[in-house]
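Look for subunit A in each of the two complexes below; its partner is subunit B in the first and subunit C in the second.
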Partner chain A sequence: MQKNDNRAYLFIAPFVIVFLTFNIYPILLTFYYSVTNYTGMGGIENADFIGLDNYRRLIQDDFFFTAFFNTIRIWGMNFALQLGIAMLLALLFTDIRLKLKGVNTFRALFFLPNIITIASVALLFSILLDWNFGSLNQMLLSLGVISRPINWLNNPTYAQSWVALIGAWMWFGNTFIILMAGISGIPTDFYEAAFIDGANWWDSFTKITIPQLKPILLYVFITSIIGGLQIFDLPMLLTDGRGAPRGALNTMVLYLYNQGFSFANFGYSAAIAYGLFLITVVFSAITFKSMYRGQVKVKKGGTK
Partner chain B sequence: MKNSWKLASLLCGAVLLAACGNGNGDTAGEGGGDSGSSNGGSGGVDLVINSFTDELQYPIEVFEERHGVNIDLQIIPTENYVDTLRPALESGSGAPDIFTAEIVYLLDWIEQDYWMDLDEFGVEEWSDEYVEYVWELGRAQDGNMKALSWQTTPGGIFYRRSIAEEVFGTDDPDEMGEQFSTMEGLMEAGQMLSDAGYRLFPDEGSISPFTMGNNPAPWVDEDDNLNMTEERLSYFDFARELRDNRFTALAPAWSPSWFASFNEPITYNAGWDDLDDADDSDGTTEVFGVSLPSWGLPHVLKTDATETAGDWAVTNGPSSYFGGGTWIGIYEGSENADLAFEFIQMLVNDEEFLTEWVQETGDVLSHTGVMEEVSEGYEDEFLGGQNHYEFFLAEAENIDPSHITRYDQRLDQMFGSAVGAYVEGDLTEEEALQEFYAEVQNAFPQINVPQD
Partner chain C sequence: MDKLKAARGIIYFFLGLLVIICFVPFYMMIINATRSNSEILRGFSLMPSTNLIDNYFVLDSYINIWIGFRNSLVIAVAVTVLNSYFSALTAFALVVYQFKGKNAIFIVFIVMMMVPGQLGLIGLYDLSSTLGMLDTYWPLIIPAIAAPFTVFFFRQFLVTTMPMSILESGRIDGAGETYMFHRLVLPILMPAIATMGIFTFIGSWNNFLFPLVIIRSPRLYTLPIMIRQLQGSPVAQNLGAIYLGVAISVVPIMIAFIFLSKYIISSITAGAVKG
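Up next, the complex of A and B:
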């Protein structure tokens, strides 16, 4: 028995070794960077130890807080849209009364935007949204919706909304598939019973689908917030890479990237990474807590 | 990318993942990626070269033929170049034998132990034959030569001869250069063009290289003070003047309308502004010129201004400037340094090869000996027979390398955005300036910005 126990370590060793080398070691190294004034050049051994100065700077850094709120705003809009669309579609396609055909085709279609490279997406939209020659403005103008062209990417609110919208467009298919799977997992008996009892659509949605879907929603929420807090590529590629218009697209990771790689403040950028890490932990913890507390209540309600 | 996050988070838990992400992004991810790519070209490779353009393709083919060696050119896209290469240079593993650098980070890199000291090959002897600023930019502060460049990239104002003839009564580059030699002269030209229904430039950014006027000064002085000269601040007013008087066509650089403006009348403001006060009845206007560095001729105008080929000329603006440029050097730890140097020697100092190459590309080279020979009696068809080599070499001589700092590109970008926000009417001049100072201070805490 004893021998068998030891052998088990061998089997988990590959994961542990990879995890330690590629995850834990960089995390610790990043912390070491964050207490130095390393510029990213000239070797870490030549950098000075500056204690918690980078962290002190971080908590007073308006640019970081703006980046935080930009990120949250973009993610929030994105998530609401993405979840709304995905939920609506998932409900339509799983409705036992509608019995829509071609689920598989639509599933593939909805997922398509997700497999386009983000660089192509950014290029595509920057051309679509071009002020003078963009097809969107041309279309809106000829339809008479607007009387002057809108400089979409030069207005902070519009630019953030577009990033959120593009993100939602790219990701709703993914969320749709997950929600579909979740809803399909709910026993149809529940709906049939509710139907017989005279429950309308809204009742079965709020009283059956949502509570039963809670673990799935939790998963969607957490993965989305982790992805959302790290949004980088689209804001980077859509405008000048430094957060134009006027800092509206400066997200936390973009800020981290620019501090580290464009402005050669590598140590400070490591501190930002830790700030971001902490924020992610806090958000995940809050989500976890509130979601699970909610679920316990439902269970109690059920037994009474 | 995001998808793998989602999968991975199932495995190792949401919270840990965020941390992994950060750590990976900073170190292991890049390092790992790079060593992978440089191992890719094994199999009898004598030299590995990293660059961000394919310009070196031709010289490499020539070199391989001459020496019977095998060179592996790894092209890393510009936007990933620094992130990919720097970890290899920092850690010393997986670095190529030769690599290039753009002016944006050149001055940072020559101060590091990335490139080897080229003085041991005696390159200093060549210096008389090179454009001074190009040569000096490859020199580290301790006086050692770290990198060389085969090209020089001075800029000028390209303009349409037919429009010049109509408005100014001449299309002669020297006479036009006289007109453009001061900012006031440039604005006057803008007015004359506007009266005739043309627009001076596609956008306000076209004057940004000239805003130093006749008094160029470095962005940051020796004591790390941000140098906001009167001339530099005048960019705000000149940009506003261009916009308010409709001397520009609202076609930002590199946008579709910018390219279109080289060929045909473009819809001014896409034809949808209130046209009551605009004099162009059909809502279109023709753009007179554009400021571009020397590489703009072969790589932008000749490729995109096909309709108007032969109708162009180039002349000076109020001040001489340069834009972009690629430098090349040998990796400090290269085991094939001698062969690597052979290559660099051919690339920058082999007159026979360079003469051949310049005829292939039309680039302006930094080797003055070769250029003098090539430009002798040269007439460029696209430029209506003008000898642009002569013009650019003269401009290159005017550039003072002591005015160039490692911050230039970033500060130019930031200042450009600030002026843009002012011209768009989003900010007042004071607000834009304060925002610019805050941004500079944040990016480069070591720089002292003016305090009120």
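Up next, the complex of A and C:
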């Protein structure tokens, strides 16, 4: 191997300097603010050190808990829907007997909503779902599905469901592409052998496809939960930006943003950021653990 | 055989239906962009009307959406170029040289991939304020130089595709390290740069939270911030103009996607398989 080469430091210097300044330092600064009552104005030197008060407040804050459960509920609905559709599509398009055509076209069409700016999507849906003049209500009324317009964005359950639905609409194409790549990577001999042994479709799905897909499913799950915990643009722009209706769209990052930049509570906002980070780590760890354990079990089953 | 044919027919029918459902929102957006406010208030229609130009003038009297386009483009291009170039440089150093602190960098990478971007939001805002960078593009662009995920991806790519022998023979020919990076390594990395570049560009183009916090002056607004400005603005009285504003922000992306979809889709798969 090469010996210690000082030229390397020259090449990595820009990365390291920027990384320390614009990545690590802001994160540490945020932590420092989280133990002060800094408002964000008038300079940090005028703020007081208040120890863990912000964190104490956080674990007793009903608004934060509501924001947490809102985020989880929206993510859960979104993920179930997204994964269900994506899995179904992936199975259909990889089925060796069906031999469906036009995979590339369908993949592109289903993926398209994913690259549209969320701000645009949110504004679009906020007017499409308008109570009196939105196209959706007008369409449903003229089709006779409903007799009175529904105030979609004024009902907590509807509003949360719409955020989940819009999220699923944006992301199922992405998940479909990933799952399909995963399923295509499974050797076909596995299925042929299972078929010879008299396994039916459900057996091959649960005994071959799912276990073989575990790493990919883990990737989908982790990226989805990390992204889902950070949901912000859509709930902010779909209603008033403060979580209406009745706080149902108040997600954790929206709460963080409003505490910091609408209510001038930099210190508390910083504590929310660390709370969110902790929650993200815990969820990722749980996912890793449970998936890993699942895999060990499958291996044991195989050696029997 | 016939049963299979029938199944296929039913599946295609439902796939078609799914495509229609996916595109109804965009279709309504384009149709409504051509209709007057009173037409939209009266009811919905699947046929375009004739008010596109009028709607454009209403929209244009309030915001210049093309400025938002230009601003988003400037930022996204700068971010993509910096991200690609400096990530390649860093990955090159990590693969080719042996040096102290290399392992520490790897550990930091893995940890940083788990850290949500919002964790440093408050700190970055305050740092920008201290450096006098609030209401400029610098806090949105400079951090692109240090992108752990891109470096990681490039490193994996180099390890599997770049033979060390070409560097050895370059050195024997008297080529400098920087020269070799530009002439040998960057070309090898090109496919990986294209893959990550598309995602970096889309990510920057759609970025909402950071510009929202950093940018104040309307002339510096990026497209997403401008779109937000439309909501609750005087233009909101005219639904046709709002639909048009959204349509203008969406349609160019759709057109770009038609040309790039092949690359984008293969990139997603690459990310998942490597990740």
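We take it that the second predicted complex is superposed on the first by the 283 of 304 C-alpha atoms of A that agree within 3 Å, B and C clash if a C-alpha of one lies under 4 Å from a C-alpha of the other, contacts with A are read in each partner's own complex, and residues count from 1 in each chain.
We adopt the following convention: a contact is a pair of C-beta atoms (placed from the backbone, for glycine too) under 8 Å apart; a residue touches a chain by one contact, two chains touch by 3 or more.
Predicted, not measured: the structure shown is a model, and the values here were computed from it.
After superposition onto subunit A, the partners subunit B and subunit C occupy overlapping space and clash.
The larger set of touched subunit A residues comes from C, when the choice is between subunit B and subunit C. In the overlay built on the shared chain, the residue A:Thr188 is in contact with neither subunit B nor subunit C.
With both structures placed on the common chain, the touch criterion links A:Thr157 to neither subunit B nor subunit C.
Once the two complexes are laid over each other on the shared chain, residue contacts for A:Thr206 go to neither subunit B nor subunit C. Of the two partner chains, both subunit B and subunit C are touched by A:Phe277. Contact with both subunit B and subunit C is seen for A:Gly260 once the two complexes are overlaid on the shared chain. By the touch criterion defined above, A:Ser290 lies against neither subunit B nor subunit C after alignment on the C-alpha atoms of chain A. Of the two partner chains placed by the overlay, only subunit B lies in contact with A:Arg246; subunit C stays clear of it. Of 55-63, 109-117, 163-171 or 253-261, the subunit C stretch that intrudes into subunit B once chain A is superposed is 109-117 (criterion: clashing C-alpha atoms). Touched by subunit B in one complex and by subunit C in the other are residues 19, 21-23, 25-27, 29-30, 33, 40, 44, 118, 127, 132-133, 138, 174, 223, 226, 229-230, 233, 253, 256, 260-261, 269-270, 273-274, 276-277, 280-281, 284 of subunit A. Put simply, subunit A touches subunit B in their complex at residues 19, 21-27, 29-30, 33, 40-44, 61-63, 114, 118, 127, 130-133, 137-138, 141, 147-149, 151, 154, 171, 174, 222-223, 226-227, 229-230, 233, 240, 242, 244-246, 253, 256, 258-265, 269-270, 273-274, 276-277, 280-281, 284-285.
Contact residues on subunit C toward subunit A in their complex (touch as defined above): 4, 7-8, 11-12, 15, 18-19, 22-23, 25, 28-29, 32, 40-41, 43-44, 86-87, 89-90, 92-94, 96-100, 105, 108, 112, 114-127, 139, 142-143, 145-146, 148, 151, 177, 181, 202, 205-206, 208-209, 212-213, 223-225, 227-228, 230-231, 239, 242-243, 245-246, 249-250, 253-254, 257, 261-262, 264-265, 268-269, 272-273, 275. Residue ranges on subunit B touching subunit A, taken from their complex, read 1-3, 5-6, 9, 12, 14-28, 32, 82-83, 86, 90, 108-109, 111-113, 250-252, 255-257, 260, 267, 269-270, 272-273, 410, 413-414, 417, 421, 424, 426-427, 435, 438, 442-445. Per the touch definition, subunit A reaches subunit C in the complex via residues 1-9, 11-12, 14-16, 18-19, 21-23, 25-30, 33, 40, 44, 85, 92, 97-98, 100, 104, 106-113, 115-120, 123-128, 132-133, 135, 138-139, 142, 169, 174, 177-178, 181-182, 185, 216, 219-220, 223, 226, 229-230, 232-233, 237, 253, 256-257, 260-261, 266, 269-270, 273-274, 276-277, 280-281, 284.
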